[in-house]
Amino acid sequence: MNNKISKIGVFTSGGDAPGMNAAIRAVVRACTYYKKECYGIMRGYEGMIEGDIVKLGARSVGNILQRGGTVLKSARSAEFRTPEGRKKAYDNLTKLGIEALVAIGGDGTFTGLHKFYQEYQIPSICIPGTIDNDLSGTDYTIGYDTATNTAVEAIDKIRDTALSHNRLFFVEVMGRNSGYIAINSGIAGGAAAIIIPEENMSFDDLYKILGADKDTSKKSNLVVVAEGSKIGDAHSLAKQVAERSSYFDIKVTVLGHLQRGGSPTYFDRVLASRMGVAAVEGLQEGKYDVMVGIKDNKIVYNNFDVIMASHHEIDEESRRIAKILSI
Amino acid sequence: MNNKISKIGVFTSGGDAPGMNAAIRAVVRACTYYKKECYGIMRGYEGMIEGDIVKLGARSVGNILQRGGTVLKSARSAEFRTPEGRKKAYDNLTKLGIEALVAIGGDGTFTGLHKFYQEYQIPSICIPGTIDNDLSGTDYTIGYDTATNTAVEAIDKIRDTALSHNRLFFVEVMGRNSGYIAINSGIAGGAAAIIIPEENMSFDDLYKILGADKDTSKKSNLVVVAEGSKIGDAHSLAKQVAERSSYFDIKVTVLGHLQRGGSPTYFDRVLASRMGVAAVEGLQEGKYDVMVGIKDNKIVYNNFDVIMASHHEIDEESRRIAKILSI
Amino acid sequence: MNNKISKIGVFTSGGDAPGMNAAIRAVVRACTYYKKECYGIMRGYEGMIEGDIVKLGARSVGNILQRGGTVLKSARSAEFRTPEGRKKAYDNLTKLGIEALVAIGGDGTFTGLHKFYQEYQIPSICIPGTIDNDLSGTDYTIGYDTATNTAVEAIDKIRDTALSHNRLFFVEVMGRNSGYIAINSGIAGGAAAIIIPEENMSFDDLYKILGADKDTSKKSNLVVVAEGSKIGDAHSLAKQVAERSSYFDIKVTVLGHLQRGGSPTYFDRVLASRMGVAAVEGLQEGKYDVMVGIKDNKIVYNNFDVIMASHHEIDEESRRIAKILSI
Amino acid sequence: MNNKISKIGVFTSGGDAPGMNAAIRAVVRACTYYKKECYGIMRGYEGMIEGDIVKLGARSVGNILQRGGTVLKSARSAEFRTPEGRKKAYDNLTKLGIEALVAIGGDGTFTGLHKFYQEYQIPSICIPGTIDNDLSGTDYTIGYDTATNTAVEAIDKIRDTALSHNRLFFVEVMGRNSGYIAINSGIAGGAAAIIIPEENMSFDDLYKILGADKDTSKKSNLVVVAEGSKIGDAHSLAKQVAERSSYFDIKVTVLGHLQRGGSPTYFDRVLASRMGVAAVEGLQEGKYDVMVGIKDNKIVYNNFDVIMASHHEIDEESRRIAKILSI
């Protein structure tokens, strides 16, 4: 045990995700439990550079567990990408005696933290907080469960109107380069087809699945399109179908940023709670430049290089299931 | 009491709205209660023309009260706009002995029904089912309460991310030419500005409200834009602000069709239940070519001409409240 | 206009209700708008006696609009019922220069305020904040719409299991002596029977409605029981049915305090916003010892004596509708 | 591959759970995919004995994915526990040519199926559908994720009122002999203490955690009590605290059957979909008298004896996390 670390800074960075507050709370309370001081750095790297840093106690994170967003706010910082920016940030941490960092965010956040660690050797650990579930090294990222449920609730509502009007809907969900939200909200939403960046489905394949060249095809249907689709976004796919087939009444909905917010599910709260505690414990045990992850329901720590070397793949089985059930 | 009517047909038409099923159930059960037969006409005027009509009993509408959409389905019918189409429809009704009609829908539905009534004198009554709340003659239309809550829930989620990132969001809500959903979801969502078709707000007014020419302005903010906005849709307004001011990180979300679906609120279910019963009772009492409405919490019946003659105005007070609270 | 009032105190008292925070925010922002100072008195009359009072600005009520509960907290105060307690309270207000009061709460709150007004003539106004909707002088109290929706959502879930198991459920909802939540959640929830304090239904009537003496009766059913039921609570009614009939598999759920919490609906937020502004404007106009209300969608002010003289009746029509639809 | 099985019967039994419909749909569609006939047996073993069996096609399970409860209904059957009852059931299956069974339910369901398999060697497989998550052989049972989220949403609402009134709440959640729902809704709900059957916490321990003998203790708090608590249910624990300490304003809420209903989460829908397909594939591969499970996100099949031999343990880590975070 490296009990020498006595002051820890925590911050959120990159796109916000439901459960980030639960993670912040867990970091702060684990610090209290292990008798360390905890500092909240506002607006990610930007606040680190500007010295916008506040002390946090067990009570200052009361009643935030259930809230979407992040009380520490988030931002993308161009200045932190410069050596001067990082120097300022390091000086601010030093001034306050902050000896270690916990970052909550995605791959961009982690990349920044890695650079910072290489230059200043400040003990640091990353917690995966992003709705995209696109990080290898963990089965789940914080926010993914909530975002997928939000997408499914929206799809359920859209299905009501699709069924009532015998309409074909294209619903676009978030996920950047990852198809996780799409494949799982698609299976859960009973989609006829799911377009994800990980799969080489052509437009012709989609056209065939929809039975778009026959009048006898099912008229009320739903296609879920991942943001990262390689064959066109929801609007473009809808347009292509409409140009080639006159059998459908087609509508498009792009769910957008509402997928980022909302009160986190139990799953994301518990995941964030476990990861927050694990981050503080990891620092105590000398695990630096790593990301906390959950694999087969157990906490793991993986080095930056390992995480960045691979994509978080979607298993074959999910795709197979999607196919069987859209029969 | 005109107890001679013994067979009533019910259908939904136009855009679907949450609570339509509750209205169908109420019509059917009121028929049972008053010892009349009830027939469900599928897909609005289209099913009437095609003779797609089924008998409904008290049990056939069990467990639909809480569901979004409409079990009778809805469609827009071009053929019903022709005399030939209406002739076919009338013949189908006659064949089955259907003596009166209850239509659930918006102004398009009512206009078709009015034409039909003029030509064939079939006793008919309209129930206002539309999320837009754009019909004069009733304080509330079925689906409006649910749709506004759906919009507010989405805005709540978007606010989480707006606050976390200090972003300015433009959220576009439905309502066609009416600003009802916008003004009320805007007040309930704490919007900085609300753009509705009923108000002559210029882009400059909006720009001023946002304080877009000062760096000191509030950075995390929300503008709700009604679909019927006369100064541009959400995307266009966002673009205009971005072109003139560099102080904001701007995002746009168009809520779209998810506002039409979902399980209806208690308000819409009770409203639909009352209106469904009132429609059957109205027919019994010889009220034809009218729309059921609710005024000051009392059932009223207004003639087609009265309904169509005026717009459902948004009261001055709502706009005033919106202004005071966005301070 | 009585523009002499320049400092207003606001507090919540009695049982909390969703939308109280929206009302607090509206009072504070209306004060800002009309250039008055606003003070928040913590824990109702208790904080008034203890001098637990904080200054509030437009920003201090940011981001509370959507939250359940009350940020000013609530309590019941025995001490305020004594002349000594009220004296202390008055002295604390005087010390801070608070010249007028806005109370958000139910009849107990209003009774306390009335007494205080009689003794000290401090300009004061009450906003009806209670889920019970039991105050005459207003069509709706703040929190009632949300609580009824919460009850309906719970009933929807219970219906799933009732249907799956052919069970008879007794669901008890809140409302103290009022049957408002019960009658409307009962209609919206498709209940077979609704037991409210305002109606003289005997146990035998209930037994008959359920068809409990025949094996052919509907087995999956739901009875909604108001807290104020005069023929026994949910557990007692379930026991009585079970003792006399062996045809049912009976379960009981008492919804309890979850009906008090949760994010308010758009309706409660807008209602609270309007009433909060109206309270400040009422004080300006010299309306003292009154309660703000909403009647036929218009703001009204009624004197304490008027409010207390009568019960908020449930209309005949609701009961009639409930009967027709449970056919 | 045992492609000789060409007719499969599916049924739900025991307490209903959200996601059972998604599992039914997956079994039916997997049958279609693998060119088998599928029969739905109503009301579990009762319908099997009575011959209440219907043929199901891919379309007959359309639009049930998102619904709580079970369209095949569920019941507990005393008659199936007799050899005569099972004989009748077997004869009914034989008559229709049903060669294999898929049961969706908990340990009682599985026990019945095992007995039936031993007597008649009918190929059979069980899918774990219960909110309790109490079956070893699978990390998750269908319905558990939804029920835990339902509990957490209720706790969130109760926390609003607990905070507003500085109250201590005892919330009782379901789970029979298992503490899964309790421990995870407790962590996610920010409970001060969680009482589960798997842990030997004494009443004195609880009393100490609450700081109930000091006036300085936190007054607004939440204790989550599992149905299977060994030191008393929520009402009894509340009573004991109230008898020994006068520092608290205590309330109790027993969530009850609403935890069984509601639209399933994405997690439960996907889990149910995977397990439904896996059940049909398992039968094809000759896996009989087993339960489908999910372990480390992979489908597994475990023999009846293995499943029944052990309790589904709650990991040490969850309890540790609960302790650290309630600091």
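Just so it is clear, A, B, C and D label the chains in written order, and each chain counts residues from 1 on its own.
Heads up, the rule we're going with is that a contact is a pair of C-beta atoms (placed from the backbone, for glycine too) under 8 Å apart; a residue touches a chain by one contact, two chains touch by 3 or more.
Chain by chain, the UniProt names read as follows: A, B, C, D = ATP-dependent 6-phosphofructokinase.
Source: prediction; values computed, not measured.
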| item | value |
| --- | --- |
| Shared interface partners, meaning chains that touch chain B and chain C | none |
| Distance between chain centroids, defined by C-alpha means - chain C, chain D (Å) | 36 |
| Centre-of-Cα separation between chain D and chain A, whole angstrom | 29 |
| Whole-Å gap between the CA centroids of chain B and chain D | 39 |
| For chain B, residues contacting two or more additional chains | 156, 159, 163 |
| Contact graph of the chains (line, ring, star, complete, other) | ring |
| In contact (per the touch rule at the top): chain pairs | A-B, A-D, B-C, C-D |
| Complex contacts: residues of chain A adjacent to chain B | 12, 15-16, 18, 20, 43, 67-70, 73-75, 150, 154, 156-161, 163-166, 169, 251-262 |
| Partner chain C, residues of chain B touching it in the complex | 22, 25-26, 29-30, 32-33, 58, 63, 65-66, 139, 145, 148-149, 151-152, 156, 159, 163, 184-185, 187-190, 263, 265-267, 269-270, 273-274, 277, 296-297, 299, 315, 317-318, 321, 324-325, 327 |
